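Take a look at the structure below.
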Amino acid sequence: MATVETRQDVHIDLHYLTRIEGHGHLRIDTRRGDIERCELNVVEAPRFLEAMLVGRPHAQAPHLASRICGICSVSHTTASVRAVEKALGIEVSPQTEDLRKLAFYGEILDSHILHAYLLVAPDFFGQPSAIALAGEQPEVVTRALRMKRLAGDLCAVLAGRHTHPISIAVGGFRHLPTTATVAGLLDRLVEARADVAATLDLFRDLSFPPLNRETEVLALRRDDEYAFIDGDIACSDGGRWPVDRYAGVVEEHVVSHSTAKHSRHARNPYMVGALARFKINHDRLHPKAKGAAAALGLTPEASNPYLITAAQIVELVHCLEEAITLCQRLVDRGLRRESLVMPSHRSGEGVGVVEAPRGMLVHHYQIENAIVGRANCIIPTNQNLANLEADMRQLVPQILPLGTDEVTRRLEMLVRAYDPCISCATHVLDIDYA
Amino acid sequence: MNVRILGKQRIFEWVEGLQGSWRVVGPQASNGGWGFGEIRSADEIALDYPTTILPPKKALLPTRQVLFNYCEGRPEICRDAVPTVLLGVHTCDLHALTLLDRAYGGDPPDPLYRAQRAETVVVGLECLRPCTDQAFCKSMGTIAPPEGVDLHLTDLGEAYVVEVGTEQGRALLEDSISLPTAAEDDLRRLDRVMGEKWARFPNRLDFDVSQLPALMLSSRSSEVWTELAARCLGCGACTLVCPTCTCFDVRDEMDLSLESGSRVRVWDSCQIASFAVVAGGHNFRADRAGRLRHRFLRKGRYQKKAFGLPGCVGCGRCATACLARITPIETYNALYRRMGEARPTATEVVA
Amino acid sequence: MGGHKASRPRVAFFDFASCEGCQLTVVDSLQRYPDLLEAVEIVQFREAMSERGEDYQVAFVEGSCTRPSDEARLLAVRKQAKYVVALGACAHIGGVNAGCHGKDPDELRRRVYGPAGDSIETGEARPIGSVIDVDAVIPGCPIDRDEFIRGVRCLLQGRLPRLPDTPVCYECKLRENECLIRHGQVCLGPITRAGCGALCPTYGTGCEACRGLVPDANQASLRTIFAEHGLATEASEAALELFLRRELAVQEV
Amino acid sequence: MTTRLRETLDATSVYLPVEARIRSLRRLTKLETLFTIELPAGVSLHHDPGQFLEVSVFGVGEAPISISSSPSRSNGTFELCVRRVGEVTSALHTLHAGDAIGVRGPFGHGFPIHQFRGKDLLLAPGGLGLAPLRSLIQQVLDERRHFGRVTMLYGARHPSELLFTEELEDWAKRGDLEVHLTVDRPDEGWTGNVGVITTLFPKVQVHPRNTVAVTVGPPVMYRFVLIELLAKGIPEGDIWLSLERRMKCGVGKCGHCQMDHIFTCQDGPVFSYDSIKPLPEAL
């Protein structure tokens, strides 16, 4: 960390942003209390996965797409299979939909637990890491690992593993767990209610730093459920569009200082992710999750980005309950072997949209003769970066008197609150001008 | 002769009767095929299975087996033999068990194998038609069960004939179910079923199996090995699925505290490049051709010399498993066809 | 009896071009092996902790090297660490980063980014072994957590982990899977190094060769087998390229 | 009364090592160390020269190692000369006096010394081959009167790689053991023969009818030494070798050492040349 302080101004040049996915570089310069520079740069090496999708047989696309990010690879895989399925006119069975949703809940649980407990919580306990926290509060870390293991097992039972799921395929699943295995999971999920309740207690007692900035939020919206897979794109300003029109809604463009593509909706920064989903879909939450929101004091009017973590806890409750319901249904009905649904045509264009742990994720493919001809991916973190900068611009002047160290700490916490996933963001590029 | 009748509707009853005091291992549906595994619920047993990927030997010699555990540096013997009924073993696999008994017997015997074997009662199952188009048990002389099988079942349609071969088998049967003795009519039907069986099995070897060891000896320097080696993937599938393969590797596994752990053995394969590597990096079978030849000579000659029984029982599993289409029947027959062409062994290094 | 227990080795994790899934798998391995934290002292792990020590003895490096600036960082790691372990396919064989049809990085960048991307530093994605000496490899995309733990244990004992030299088919047979090639699916198990327990075939999906080639891989025979099963198609070519592009190119030379 | 190590194994499990202790160790060369090992009270080794033990370092593994001392000098302990080449042998080199190791054995067939009595002996170890042969040499020296002329031809790659150099000097001084040394690559102080071991053969005269030859060395050495021995007219049945193979069990089960129907660990490792000549994979 190279930090120089002049009077009450700050110059922050933080090269080594920790406890986030990927390499980021934070630069803040103020002059006489005014912000001269406020940037979050992406320092991660470029990985042209979008371009690599081009020329691939469509069946391979989900496996390659998964490699965009190790932490939300179920999301990428699901978005990718949905894009292909829509392009080629494939309707999957209800059982497939259930299994996909279940794997998805596994990923949301896994990612949120990782983020809330292992990346964010140390800040609140004044610890530099979960490893240090494990020394002070072993039961907290043990609980986190226990829950994370269950979430990972949920993915593994359905798809072989969490990172780079194996059996989620275009048209269905290539492998099914036995009903007995699902029943075993069900028991563990039910037991995990106690851990989720303890989690709620833990986070209810934490006080999130203050910051209020009204911003637009975007999330998928379905009328039948709290949307994670498919739906319409909904905006907090009231707009609602079919996903095929994502391009008009989310306009991507290059911001010169950082080369992770920032996204602008209607040219204003906007937010995606757990808080965005909560604001748009709170009415579709499981009753227990609604209760959790109330307990955390989280309302749909929330405008403090630090509360993203609170929204994640609410989703934790929701996903656990939904996973229990789904497992129960699968156990009651029994699992049937189904062959993959074959495409009805070989060419087409499709948009797959899901709510990855960090927000709306779009995969858009053009398929020509079973080969991906064009691919475009919109990544949650890229959508959030502009909003995050806007938050920082508002926050910095307010907390300037606290001194460089505290400003840095608050900013780091803010960056972390967004749970940015720079691995995802750099499916395109890198710049490190420093 | 002690022959009983087991009506098919009573199979589940019998299996449940056994489950009281035994681990029952038998064929069951698995992964879209069949495999030997512990029968947890009687209706899992699938006695009409064609063949399995792995042979039933895994009940006696698990793919991974703890030799002993150690704690703070002190080894402790691990005795894990489980009283087992190995149910539904086809005749070729019964012959393979006889070979295993010899290979793992001897002086000294393998203590773990012997312990599990002593706790195992084997129930054979007569094959009435070839299990796959790769089977060649008739050619290998393994189409009829060997001596000393504890119990042996033959399918008469609506019932099994149960032949009691040993005292152990008799005791097992008496403890688990009470069955009527076969009637004259049953025995006549048994004769008829057995009589009809033979014609269904083709003879696939172009020569008599008694010539096999000599053929293999004279084929050592045959070009067949290099030809096959070009196709062979060196994957070892052929040996893993073989009911008579016995090789294992030994590994130490330890926990992260470096204080306790276990020594385990795992199935190994002579088809893997490092199988015969010694210190200094010298490999006694450095190429695939040499490894393939070793495997086939072991099947066709060495085991006969070492243990008095052929090392191949004609189950055909390796032929099914080999993606490169390297099959014993075609290999043996090709060697036989070319026997005239074979040159004297080029391996006398010192002359 | 047994090897002497040294003091806790200091371990650091580094990441280059990757999805960070391997580092995540390291975090996941704590779920089953919490004693890892007692066995080693993690001094640097940016993804999971803010503390940062430079006095590490073992460096686990995730990701492939793509930029000149990466090379300098790798050389520094090599200089400090007694053991450098490549963590995962990206570091080991270039991963999917290196499998992109051999496309020109400049062209890729423009395709994704337009002219505005011209200022971005890029380069061909390479395994870290092309820049520095690597002492050991934990292969896979992502790594297998049990194998990672076994590797750590070997290092604790003062020796280097050895990779199995059997192909994936070997473990596939041990798991009694029906062979996918026989059911009309492309599978690279016959030429891929085992150690994953044939995870993909067990989950109904052809092996993608993320663990790299097995020694003495018979690629020609596998191609014949594909042809015999009607699988010599774009799908099999794409599969061979996904992880093996670099290794197969070397094998052909 | 002591129980033989082999009997304790047979009574429990032939795979279960017995805990032995390193009494002392002596570094012989850069790669080789001589370990003096003590069995637990009440257990004795009772081996033949040429037999081997399976030596364990728990958590690492097991390796076959020849017993390097003779039964005649057992005195409650025995010696192992170990070259550091891989996992187990390297782990052994990290141990100290007082540390425990696991041992199983003795396994296999050693040299048939009774058949050697009354004969001249021509011993030709190469490199580490002296480790097992030393057991035989000590035994022969302890019953020297039973044997005729004893000649040893010993070769190593470099003077620094010669094993048991002090003993070599003592043996040479005795007068009843003819010692010829050679190295492939000499150093400054080397005044002896230079060249591979076969270059020593012209220096010795043998009575082929009454000579037993014993050669132990790396696999590549055998074919050349055999040519020399046969050229001297020594009958194939009087040429003895000890074969190295990968071995995982030591008791003819794991299959690694099988050549033809022969299990090297049990039927060998010591063989007469005529018995392995028909086995193409032997040499």
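Per-chain numbering from 1; labels A, B, C and D assigned in written order.
Simple rule for what comes next: a residue touches a chain if its C-beta (ideal position, glycine included) is under 8 Å from a C-beta of that chain, and two chains touch if they have at least 3 such contacts.
A quick note: this is a predicted structure, and the numbers were derived from the prediction, not measured.
S.K.: Using the touch rule from the top, work out which pair, B-C or C-D, shares more C-beta pairs.
M.R.: Comparing B-C with C-D, the pair joined by more C-beta contacts is B-C.
S.K.: Please work out the Cα centroid separation of chain B and chain C, and write it as a whole number of Å.
M.R.: Taking the mean C-alpha position of each chain, the two centres sit 37 Å apart.
S.K.: For chain C and chain D, let me know how many angstrom lie between their CA-based centres, rounded off.
M.R.: Taking the average C-alpha coordinate of chain C and of chain D, the gap between them is 43 Å.
S.K.: Which whole number of Å gives the spacing of the CA centres of chain A and chain D?
M.R.: 65
S.K.: Averaged over CA atoms, how far is the centre of chain A from the centre of chain B? Could you give it in whole Å?
M.R.: Here the centre of chain B sits 52 Å away from the centre of chain A.
S.K.: Among all residues of chain B, which ones touch two or more of the remaining chains?
M.R.: In chain B, the residues touching two or more other chains are 70, 73-75, 254, 258.
S.K.: Which residues belonging to chain D are in contact with no fewer than two other chains?
M.R.: Each of 19, 56, 58-60, 100, 102 in chain D touches at least two other chains.
S.K.: Provide the list of chain A residues touching at least two other chains, using ranges where the numbers run on.
M.R.: Not one residue in chain A touches at least two other chains.
S.K.: State which pairs of chains touch, listing all of them.
M.R.: Result of the pairwise touch check is A-C, B-C, B-D, C-D.
S.K.: For chain C, which residues count as touching chain D in their complex?
M.R.: So the residues of chain C in touch with chain D come to 1-4, 157-159, 162.
S.K.: Using the touch rule from the top, collect the residues of chain B that touch chain D in their complex.
M.R.: 67-68, 70, 73-75, 77, 103-104, 106, 108, 110-112, 220, 246-252, 254, 258, 261, 263, 265, 268, 270, 275-280, 282, 284-285, 294, 297-298, 301-306, 345, 347-350
S.K.: Which residues of chain A touch chain C in the complex?
M.R.: 16-23, 44-52, 54-57, 59-60, 63-64, 67-71, 73, 114, 118-119, 122, 128-132, 134, 142, 145-146, 148-149, 152, 159-164, 166-167, 169, 173-175, 254, 256, 259, 261, 370-371, 423, 426-432
S.K.: Under the definition above, what is the set of chain B residues touching chain C in their complex?
M.R.: So the residues of chain B touching chain C come out as 30-33, 35, 52-54, 63, 70, 73-75, 230-237, 240-241, 253-258, 267, 269, 272-274, 288, 321, 323-325.
S.K.: For chain D, which residues count as touching chain C in their complex?
M.R.: It is residues 19, 56-60, 87, 90-91, 94-95, 99-102 of chain D that touch chain C.
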